[in-house]
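Each of the two complexes below includes subunit A, the first together with subunit B, the second together with subunit C.
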Partner chain A sequence: MSAGLSRAVNVLKEVIDAPIASYFNSCVHCGLCAEACLFYTESGDPKYTPIHKVEPLRRVYEQEYTLLGRLMKMVGLVKPLTDEELGQWQELVYDSCTMCGRCSMVCPVGNDIVYMVRKLREGMAISGHAPDGVVAATKRTVEIGSPMGVKLPAVKAQVGHIQDDTGLEVPMDQEGAEYMVLLSSMEIINFPEYLSAITRIMKQAGKTWTLCSTAFEATNSGIQIGVSDLARVIVSRIVDGAERLKVKTVISPECGRAYTALRWEGPNLIGRPYTFKVQHILEVLDEFRAQGLLKTQGFEEERLTFHDPCQIVRRGGVIEPQRNLMRMVSKNFVEMSDPSKYNWCCGGGGGVSANEDAEEIRLIAFKRKKAQLDEVKPDKMVTACANCRIVLEEGLEHYQMDLPVVGLTEMIAEHLVESEPGSQKE
Partner chain B sequence: MDAALFLNWVRGTGLQIAVFVFLLGTVWRLFEIYSLGRKPDLAERRHVAGASGWHTILRRSVPIPGMMQRSGMTYIAGYTFHIGLGVVVFLFAPHIKLIQGLVGLSWPALPSQFVDLVAVVTLAAMLVVLADRIMKPVKRFLSTFEDWFTWAVTFLPVLTGYFAARHLLLPYTLMFSLHILSVELLLIVLPFTKLIHVFTVWPSRWFNGDASARKGVPI
Partner chain C sequence: MRISNDEEFKAALNELDVYQQRRVAAAFVESVLPLCSDVRVNAAVTAVKHPGVTDVELATAYQGANSARIESFTQCGKETDWLAQAGHFVAKAAQCCVKPVEPGDNLAWDAAMAARMARACESVAEGSGTRNNETEKQYRILYEHLNR
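Right, the complex of A and B next:
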């Protein structure tokens, strides 16, 4: 057994628990999970059936944790896992799975398949079978501070521009602030509107907030790649920053994975509950709305639809806030088929968008979103995840669909009732 | 061995072996699975009405929107044969008498003509399920020897039971003995194959529902 393979088997043995054992024993090979997976529905290739993607994990389970499996392994009736097989599975575990969790919603025996994919990735990554693009992004996050290589000076430069444009202060390292705002690299580089929107919204709501110079990046590609050690380093940076600044709440930005990583996996990674609250920006905005702290004027005239990012909705539990906020600024908001927790993924989550090998299958999978959009024919699509946004824009361009995609926070900010001269929406 | 001796054996020693393997096997397998435990979740949980493992145990019996259109046959044939099995096993008068003899519990039975009809429907549904497994690329792709084998050991008791009740094909005593033997095979195989899902399906649904409920998503 090679060193890589033996590390993989050891890690997989460690992650296998009662739920996983229960799931593998319950599977009746009905194939319904395939019908919930956009990589299968759009390609028609049975190899993309979700439960098949976790076959290496099943074999380790059977051969290590069942009496019959151990006996069969001893007498050579079952083949032990090989390094080549793990290599072959990379395509199924990374390229064609966004960990959207739709399969876990349909399995009639109740198997949480995405939970098993997440665990299998731990073994894949440690044995060197994770895609280079995601590995590199994770390394950059740990070494430089962000997956796209963004450093503090770039954030400060953006802060400067926003202060000039809005005439408002963007606080940095302010101890005792109520909220600590995180960003995703994508927002720093591609969508600076986000931070500008936050600055204006916080001003209107009269809340104290701050950025943190040692923890501005929220993206956690350690989770995507499946290396808990690295994911822990990335989460700890945020926890240290939040505790140093003694903030009450950390706001996760418009990024799906960042939210699940910080809100749901984080405490388990660091081994203790947080001393602060974690909220997604949509939850914060909806709270402001309910408390009358968020005042908007005017409505979007166009027909709008909302793309639910899987990690925020189905895997994150933020379901209604975005709908309340959409209705606040739109009278023509239409839901796509299979909305909210039933949504279909953009096709680029879980590290797929950072994975060059996955480009072809990702664009095939996008046909699902295209079909949903063709049904409702919106003028504009709103979402709340910078990664979804980029993936959607690329997919729309590939299929030559002329449809603008905007972030919800930024759209809300465009409708803010503001007192400062010059910053009001025309 | 003549028919009477064969019947005696399957009713006596055979049944004892089968029940012994079934009980011990099931207890062992469930221990093997659930003693693995799970780590506590340290993330602060959300509380949302209708979201819990218990809800998912029930709710997962209903397909989510769009799934009936995508794979209606799986649901309809699947439901039909599962309910059919439940009816023929637990609501057929001779079966209830057997259970009463073993554990002392009894309940009202359905008329035997009706149970006969249910058995035919169950057999038909199981044939549909088999055809579906052969025809559908995903199902065929996923299928292993175990899938065909467990189908057969589930099908045989219903088939032999129906034949025995209707006095078809073989002399009654022989057919009845084969029926008991096929049930014994099913009992012996159950704990060690995917048929164990009769027990594990409930905790599986609970685990999945609980994990999602912690995040505030009722599934």
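Right, the complex of A and C next:
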């Protein structure tokens, strides 16, 4: 057994906890998880059945923690896990799993298959079987602070641009502000309109807010790759920044994975509760709406639909805010089939879009989204995740579908009632 | 008309009709065009500058510029190549020149903002700080257009 494999098996033995043991014992092999996975439904290949993707973990469980399995291992009746098999499984654990959680949601016995995939990824990463792209992204996050190598000067460049664009100040390191706004690298690099929208919305709402020079990045690729130690480093950076600036609330941006990592997994990773609240930007905007702090005018004339990012909706529990906000600026909002927590993934989450090996299967999986869109025929698609947005645009381009994709925060800002310099539409 | 800040710049652009906005936007893109090597972007600018450009030609140019914009996104988790990203924003600016107009749109302003982002990306790539003179250059382009 190679050193890498030995470490991987040890890690897998360690990560098998009571929930995982009960999941393997509870599985009734019904196949419902297969029908819930877009990689299976769109390819028709049974190897993409979610519970099959965690087969290496099941074998370690059986051989190490069950009486029959241990006896069979002792007399050579079961095959030990090999490095080659783990290598083959990379495609199933990383390329064709966005950890969207649809399989976990439909499982009739309550098995959280995503949880098992995450634990299996820990062993895969240790044994060197994580995709190069995802490993490099995680390394950059730890060393530089961003999976895409974004450094503070780039953020400052965008801040300068936004200040010119809006005529408003973008505060940095303002101690005692009510909100600390995080950005995803994707928003810094590709979508400056997000920060522009935040700046204008906060101005209208009359709220104090700030960016943090030591913790501007929200993306947690430690979660994607499945390495808890790295995920903890990334969360700790945000916690340190928020506590240094004494903010009341940290706002997670239009990035799905960032939200679940910070909101739901963060306190467990650092081993204590936060001293501040974490909200997704959609929750904050909906609060402003309910409090009468978000004043909009006019309605989108086109037929709009909303793509629910899995991590925000299904894994994150943010379901109604985006619908309230859509109705605020649209009279022609139409839901796709299987809406909200049942929505189908864009196909690029969980590190899949950073993984070049996954490109072909990702575009095959996109056929599900295409079918959903063909059914409702919208004029524009709105979403709230920068990664979804690019994956959707690429998929639409690949299938030659002429459909604009916009961010919800940005769309709300376009309808703000503004009267001072900085307004776009008056 | 004197243009010395973005408020005046935006107001002046707002006064232009769509045809004029497209022409000025094309000039903004031309200023940063060396940052993008995609022929579809160049084709969009050329189309806009043609006096007799038809709606069909604009729609074709839009498709090309939009494809160039989408293909040049930096994908989630990839290491950022700031010069390539500058090219993305040039494609976005070119797309603004030829996009179908919606009520409330200020095509030229949007193109100007994307062109400035392109220049900012170039500055980040060169490690030369974040300031550049693209804004002032755009003021001059508009001034010359208005006084032609």
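Rule of thumb we're sticking to: the second predicted complex is superposed on the first by the 422 of 426 C-alpha atoms of A that agree within 3 Å, B and C clash if a C-alpha of one lies under 4 Å from a C-alpha of the other, contacts with A are read in each partner's own complex, and residues count from 1 in each chain.
The definition used in the following text is that a contact is a pair of C-beta atoms (placed from the backbone, for glycine too) under 8 Å apart; a residue touches a chain by one contact, two chains touch by 3 or more.
Bear in mind the structure is a predicted one, so any value in this text is a computation, not a measurement.
> Quick check on the superposition: with subunit A as the shared anchor, is it clash or fit for subunit B versus subunit C?
Overlaying the two complexes on subunit A (C-alpha atoms) leaves subunit C and subunit B fitting together cleanly.
> Classify the contacts of A:Ile51 with the two partner chains as first (subunit B alone), second (subunit C alone), both, or neither.
first
> Determine, under the contact definition given at the top, whether A:Asp17 touches first (subunit B), second (subunit C), both, or neither.
It touches subunit B, and subunit C stays clear.
> In the superposed arrangement, which partner chain does A:Trp264 touch: subunit B (first), subunit C (second), both, or neither?
first
> Now for A:Lys139: first (subunit B), second (subunit C), both, or neither, which partner does it touch?
After superposing on A, A:Lys139 lies clear of both subunit B and subunit C.
> Mind computing the angle subunit B to subunit A to subunit C from the CA centres, in steps of 10 degrees?
Value: 150 degrees, nearest 10.
> Which partner does A:Arg315 reach: the first (subunit B), the second (subunit C), both, or neither?
Only subunit B; A:Arg315 stays clear of subunit C.
> Given the superposition on chain A, which partner contacts more residues in subunit A: subunit B or subunit C?
With both complexes superposed on chain A, more residues of subunit A are touched by B.
> Thinking of the overlay built on chain A, is A:Met186 touched by subunit B (first), by subunit C (second), by both, or by neither?
Once the two structures are laid over each other on A, A:Met186 reaches subunit C alone.
> Once chain A of both complexes is superposed, is A:Asp165 in touch with subunit B (first), subunit C (second), both, or neither?
second
> Tell me, in angstrom, the smallest C-alpha to C-alpha distance between subunit B and subunit C in the overlaid model?
Shortest inter-chain C-alpha distance (subunit B to subunit C): 25 Å.
> Help me check something: in the complex, which residues belonging to subunit B touch subunit A?
Against subunit A, the touching part of subunit B is residues 28-29, 32-39, 41-44, 46, 48, 56-57, 60-61, 63-67, 70-71, 74, 78, 136-144, 147, 192, 194, 196-197, 200-201, 203-209, 211-212, 214-217, 219.
> Considering only the defined contacts, which subunit A positions touch subunit B in the complex?
16-23, 25-32, 34-36, 40-41, 44, 46-47, 49, 51-52, 65-68, 104-112, 115, 263-268, 271-274, 277, 313-317, 319, 337-338, 341-342
> So in the complex, the part of subunit C that touches subunit A is made up of which residues?
My answer: residues 6-7, 63, 66-67, 70-71, 73-80, 82, 85, 88, 104, 106, 113, 116-117, 120-121, 123-124, 127, 129-131, 135.
> Show which residues of subunit A lie in contact with subunit C when the two form their complex.
Answer in residue numbers: 133-134, 136-137, 140, 147-150, 153-154, 156-158, 160-161, 164-165, 167, 185-186, 189-190, 192, 219, 221, 224, 348, 351, 353-355, 386-387, 390, 393-394, 397, 402, 414, 421, 424-425.
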